[in-house]
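Here the structure comes first, spelled out in structure tokens, and everything after it is commentary.
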Amino acid sequence: MALTSSDVQTLAHLTQIRLEPDSLNDLACTLSQFADAAESIREIATNGSEPLISPLEITQRLRADTVSEENLRELYQSIAPATEDGLYLVPKVLD
Amino acid sequence: MHQQTLAQQSQALAKGDYSARELTSHYLQRIEQFDSQLNSFIAVTTEQALAQADAADAARKSGTVTSLTGVPLAHQDVFCSQGTRTSCGSKMLDNFIAPYNAHLLEQLQLAGSVSLGKTNMDEFAMTATGQSSFYGPTSNPWDALRISGGAASGSAVAVAAGLVAASTACDTFGDLRLPAAHNGLTGLKASYGRISRFGMTANASSFDQAGFITRTAEDAALLLQVAAGFDTRDSTCSQDTVADYNSSLNQPLSGLRIGIARCLFDASVDSRIADLVLASAGQLQQLGAILIDIELPHSAQSMACASIIGSGEASTNMSRFDGVRFGYRCADPADLDDLYQRSRGEAFGPAVQQRIMLGTHFLSANQYEDYYVQAQRVRRLIKQDLTSAFGQVDLILTPVTAALPRTASKTADPVSDWSCQRYTALANLAGLPALSMPCGQVDGLPVGTQLLAPWLQEARLLNAAHQYQQATDWHHSRPNGF
Amino acid sequence: MQWETVIGLEIHAQLATKTKIFSGSSSAFGAAPNSQACAGDLAMPGTLPVLNEEAVRMAYLFGLAVDAEIGEVSRFDRKNYFYPDLPSGYQTSQMDLPIVGKGHMDITLEDGSTKRIGITRAHLEEDAGKSLHEDFSGMTGIDLNRAGSTLLEIVSEPELRSAKEAVAYARAIHSLVQYLGVCDGNMAEGSFRCDCNVSIRPVGQEEFGVRAEIKNVNSFRFIERAINSEIRRQIEVLEDGGTLVQQTRLYDPAKDETRAMRSKEEATDYRYVPCPNLLPVVIERSYLEQLRTTLPELPVQKRERFQSEFSLSAYDASVLTASRAMADYYEQVQKTCGDAKLAANWVMGELSSLLNKDSLEIGQSPVSAEQLGGLLVRIKDNTISGNIAKTVFEAIAQGEGCADDIIEKRGLKQVTDSGAIEAILDEMLAANAAEVEEYRTADENRRSRMFGFFIGQAMKASRGKANPQQVNQLLRQKLEG
């Protein structure tokens, strides 16, 4: 299945990655190669085989509702790009 | 000292042949001597290592010891190491000082091991070449002109070059077992759920599992004994009892049924490699194993499956790297979109960007049913093939990969570089434990053979590999000059 | 053109778990920014989700209370989008296999009739953090304390036909989740938020019109106004010949209008995918049956019981069972004084006025149920009159103690001794001799008005303490006699 530059632009937008305009064609080419390599999956008869989501055959374990985390804000924010008054700063968001 | 296996070092330390400090210093000196040409370490934590070594020596004096007390290890930089940089081979996390330890590292530390540092890896483990790290490629000590294999390139090369006796690594589609094989080493991927994934940066969450790169199966057993077990922080971590891996190492192999799927040994495999792998089967037969032909009808789909589901899971796992709370942030973002797009655009290498976009493509509304869900259905069929085969056999033997490592200078063909994992990916697709071990050389380059076992049957795997290694020499080979 | 409104509500109820849905961080309200955001909440590398058992229990309890179908298996999926209050870049929610399936909620309409509103499903998901837009010179501050908190999203069928119905439904769900103890319903703190999906269609048309989603409306008053303003807007657009676009909107209470959200893109592909870090949630039927036995008396049941047991009107029962806290308060008062009607009158009257005056919730009442009950006991045993009781009530509210303390301290005991009352009356009548003369020669009408005057004078003379019934009786005797 071939992906176009336009497809790549859409993907770049969805994945929030800035790409150089002159890289779009090559990228489309590479992605198309990967997509082609995966194309064979469509021919396989699965006879209603259920999709496998986890290789484990166990169910979800439940955790007791007790506080187990402490306030480590100082530690976590020591590696943050931008904070003020304990808040993470990002360029102003409009809604 | 560096010629010894981990098990031998453990015994030597116990006997007092040398101290942990001496052993650690020896390795640190070798790293300084050799690693500039190999680039297998991203970070060497010298002071910490010596402090840990001293602590281990003190502990030994006071009598609190385990089999790993004072034993130096190296850790793939995919595992969070508290207080030190955990980069995943990426500019995105070049400034990330992990605030916590991965469960695996915690366990190994508690057992008194020494951490020499963090090893180099393909960026976010998204290629299998050893060429795509932000910190530069890792050199193959067997042939500097060839790729080392990846993603756990540094973990493999460091052991091969005698810079550490064993290292930890993560395996998603074979990126632990492949570089192990290319470097003449033993690579063990545990069963999915056997080792907690807490603190191991996620690539493809239903495939990722931790393991070890060592010289011997015996060493892997030692490490697995400490690492395996329940952790409340990982919902996918099994509560099943941990086996005694060491005690079963020496069980004779008579009657062990080993399955061979002939379809995996077709013309697409370098015939010299195929011969060596089949010879390893012959060797196991000589040790008492019975070889049985099995069918794995859907195995040809392993890469398509892994590619679709793996890239899909990876794409969503990578969204957290957005320049907001940690990691790389671009300079002077104009607005929120600019913050996201330039942070991710500038900090992710091309292979990572490709994988994220490929995964997003398969998860998109138009592709989801036909590709992603279809791949999940085929994944179940692949798993069923293996389960069904294990109804007739106890282990399955396959090649690790179809070709020798290519030359580094050759223009990369991303798809073929990626497809070298088609035999190893079978284990990750089904969540099974698997091990690669050296079984010969072609043109002076190591070749590995792979064994797969049923879920949680690492003991059986390690037993077979150990017996093989008692009868053969390949695991003793070292690259020249190291 | 006759238009029909079609409304569906998506209610986000923050479940009253102590910790978040997938991490062991506290979910208590009001903590310092980012002091309750652990590595997992911050989506740091290698962190993993583990499901909170209370979240599961509360979700199932809600399902049982709305008679919902509950499947054996439910699963978590990732909803992918980028926003700074969403650390992992995806929200872990439930798409194909929600924990609670189809159920229903009965609502009472204004005319007293009942309407059954279908509930499509309810699912568990994690909440996002909060953005603070002021005070950061061109930047937005992000607080992730709320990120990862447990939400139960309750989705109604598009069966509501007016803003009033929507409010009735929202109130009913609000009441229910508090009754169950699964949500504190504190809308000011954001524990209970409504997204209103509104569309219109010509009466008789089966196809739904283009809908607008009004997000995060957090008061019942605003729900009603937002929906009505949106209906007006949609009608205006269509009647002007325009077309509507499916979009997300916000309600602006100051302007009483909705506006399109600037940042939301339409038809975003969320690329839902099952979360590989979480496994299928499976329950035994026996667990559900055991859980069912823990269901408290539900609002409808309590309302019916109040009507039958306490002979209250449907209206009174409805008001008194509006919240569990109110119902519990009322029952305590009733139990203490033994008079259901008296208790109802005071709770719905004096007490409600007091609470409304200072915008207090029943839980913040300065007069406890025991205190009110104690006051009513003193009315019933004639220790004080109804009027004096109001004074005592205010004093209790001021913190002066219980009814008996205040009556004692201020000497407010009702005078019931007929001799004493007669003496007061004789004195009062003597002082008003002219009016007495007038009374005796006046007609019916004039008499009844003047009687009121004399009662007033008598109460004044006795400083309100004379028993009103006795005053009435004795005064009549004296005036007639």
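For reference, chains read A, B and C in written order, and residue numbers begin at 1 within each chain.
We take it that a contact is a pair of C-beta atoms (placed from the backbone, for glycine too) under 8 Å apart; a residue touches a chain by one contact, two chains touch by 3 or more.
Since we're looking at a predicted model, the values are computed, not measured.
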Farthest chain relative to chain A (centres taken as mean CA coordinates): C
Centrality ranking, top chain (CA atoms only): A
Chain centre separation (chain A, chain C; CA means) in Å: 40
Approximate Å spacing (C-alpha centroids) for the pair chain B, chain C: 57
Chain A and chain B: spacing of chain centres that average the CA atoms, whole Å: 23
Junction residues of chain C, two or more chains touched: 39, 42, 44, 50-51, 82, 84, 142, 144, 269, 271, 276, 278-279
Multi-chain contact residues (two or more partners), chain A: 14, 16, 53-54, 56, 58, 60-61, 63, 72, 76, 82, 88, 90-93
Shared interface positions of chain B, touching two or more other chains: 96, 99, 206, 232, 235-236, 319, 322, 324-326, 336, 340, 360, 364
Complex interface listing, chain B residues touching chain C: 79-80, 86, 88, 93, 96, 98-100, 102, 197-202, 204-206, 232-236, 312-313, 316, 318-320, 322, 324-326, 336, 340, 360, 363-365, 368, 372
Of chain A, residues touching chain C in the complex: 14, 16, 53-54, 56, 58-69, 71-73, 76-77, 82, 84-95
Complex interface listing, chain C residues touching chain A: 17-19, 23-26, 32-40, 42, 44, 50-56, 75, 82-84, 131-133, 136, 138-144, 250, 261-264, 269, 271, 274, 276, 278-282
Interface residues, chain A side, partner chain B - complex: 3, 7-8, 11-12, 14-19, 27, 30-31, 33-35, 37-42, 44, 46, 49-56, 58, 60-61, 63, 72, 75-76, 78-82, 88, 90-93
In the complex with chain A, residue positions of chain B that touch it: 95-97, 99, 192-193, 206, 232, 235-236, 238-239, 298, 300-301, 303-305, 307-308, 311, 315, 319, 322-327, 329, 333-342, 344-346, 348, 353-354, 356-358, 360-362, 364, 370-371, 373-381, 383-384, 414-415, 418-419, 429-432
